[in-house]
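Note that the chains take the letters A, B, C and D in the order they are written out, and that residue 1 is the start of every chain.
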Amino acid sequence: MSELEELTTRMRGFVRARDWEQFHTPKNLAMALAGEVGELVAELQWLTPAEASEVMADPEAAGRLRSEIGDVTLYLVRLADTLGIDLVAAANTKLDESDRRYTVEGYRGSARKAPPLV
Amino acid sequence: MSELEELTTRMRGFVRARDWEQFHTPKNLAMALAGEVGELVAELQWLTPAEASEVMADPEAAGRLRSEIGDVTLYLVRLADTLGIDLVAAANTKLDESDRRYTVEGYRGSARKAPPLV
Amino acid sequence: MSELEELTTRMRGFVRARDWEQFHTPKNLAMALAGEVGELVAELQWLTPAEASEVMADPEAAGRLRSEIGDVTLYLVRLADTLGIDLVAAANTKLDESDRRYTVEGYRGSARKAPPLV
Amino acid sequence: MSELEELTTRMRGFVRARDWEQFHTPKNLAMALAGEVGELVAELQWLTPAEASEVMADPEAAGRLRSEIGDVTLYLVRLADTLGIDLVAAANTKLDESDRRYTVEGYRGSARKAPPLV
């Protein structure tokens, strides 16, 4: 079992032990995910680009970012599990599409079209 | 190498081939993550709780949710990689804390205190 | 001067007195707005629809919602001012479009097409 | 009646004519707000700070930003109306607090403590 599968299984047990499945509806989990992403964004909002690039050198800021990324991951994994979606497979499918759409020749170094991954 | 590590590595190659590292700053990636989470939330916003619980039975809606969850995953994995954060380790650390804070005895079935994972 | 114009002017003075214009770039303010909306969403995430409809009857929850809506408003007003956008004019333009697109005859009571305002 | 009150009243009529009150629950409107803020953030995500400061000089980008800010405003006004919250009063209350907490002497030009409005 991969470490992502182990995390998914661990969360199922955590939720079941507390009888919290009733709260973990798709809408509620999507809201919780949006809330945690808001906290992650807030950690970076006032930094200059240069400060943000060095943010992990500050142990306190690094700890907060690790904590917020952990929270976002927990809710994303839980939402995907609830919906029966394989996170990594879904991501690879989207990256396949981006690989075809954003050809290396057409988009190298270019922000002309916003350079999304997706 | 786990499938999550493979995805991380694949994205590095995708970005490097297009010379997009210059756009993938922590602030920009956090904004992209917020944008994709917004799209994911939007897929569920007008559904009743009952409809949302059955949403994966509708092939079109299921496809859109898979796509949005794929996008969110790509930017989360990319942001974590840029910051040097191990997603799954960060999530397990947070779940350890929740396990201690939200005891089974104290929080079973209770929304008294919002039942977060985190 | 309308109360919205007064608020906009008041915020300009608040920011100028602290020499914070340097932090109030469009990107930073958009991130701050996303962060505050995340906090607002988090206030409602674990409530059932019935509980959420009655949430203002609970003085503590009502106070938190008022506070979060105040924060979202401050950053939205500030971002619009920084960009030179008239909030209410922009909203009325979008509502004009929705009025034409979502005809009363075609969309009454229908969630067939997601019933957006916009 | 202020232009904000007129907008609030206009939206009530728009929603009532389509029998959409049933969809405009606090949770759904908060989700819609998060979705629209995600679209607004996405407009700015790949711009450099310098590009973002000049973004309104580009008529197409300016039009998109006006449109997204209009959407965010509509849902914020509608959510506040549904909850019975006066947007501008709530914002002024928060700005009163920030005025006391972030003294001009203590915070001028300083990002030491993140320089929030709120």
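One rule holds for everything that comes next: contacts are C-beta pairs under 8 Å (C-beta built on N, C-alpha and C of every residue); 3 or more make two chains touch, one makes a residue touch a chain.
None of the values given here were measured: they were computed from a predicted structure.
A.B. asks: Indicate whether more than half of the residue numbers at the chain A-chain B interface occur in both copies; give same if so and different if not.
C.D. replies: Both copies touch with mostly the same residues.
A.B. asks: Taking each chain's centre as the mean of its CA atoms, how far is chain A from chain B in angstrom?
C.D. replies: 3
A.B. asks: If you average the CA atoms of chain B and of chain D, how far apart do the two points sit, in angstrom?
C.D. replies: Here the centre of chain D sits 24 Å away from the centre of chain B.
A.B. asks: Return the residues of chain B touching two or more other chains; collapse runs of consecutive numbers into ranges.
C.D. replies: Counting only residues that touch two or more other chains, chain B contributes 23, 27, 30-32, 34, 36-38, 41, 44-47, 49, 111, 115-116.
A.B. asks: Among line, ring, star, complete and other, which best matches the way these chains touch?
C.D. replies: Complete.
A.B. asks: List the residues on chain B that touch chain A in their complex, please.
C.D. replies: 2-4, 7, 10-11, 14-15, 17-20, 22-23, 25-27, 30-34, 36-38, 40-41, 44-45, 47, 49, 52-53, 55-56, 65-67, 69-80, 83-85, 87-88, 90-95, 98-99, 102, 104, 107-109, 111, 115-118
A.B. asks: Taking the complex as given, what residues does chain C use to touch chain B?
C.D. replies: 27, 30-31, 34, 45-47, 49, 111, 114-116
A.B. asks: Could you please specify the touching residues of chain B with respect to chain D in the complex?
C.D. replies: Of all residues in chain B, those touching chain D are 23, 28, 31-32, 34-39, 41-42, 44-46.
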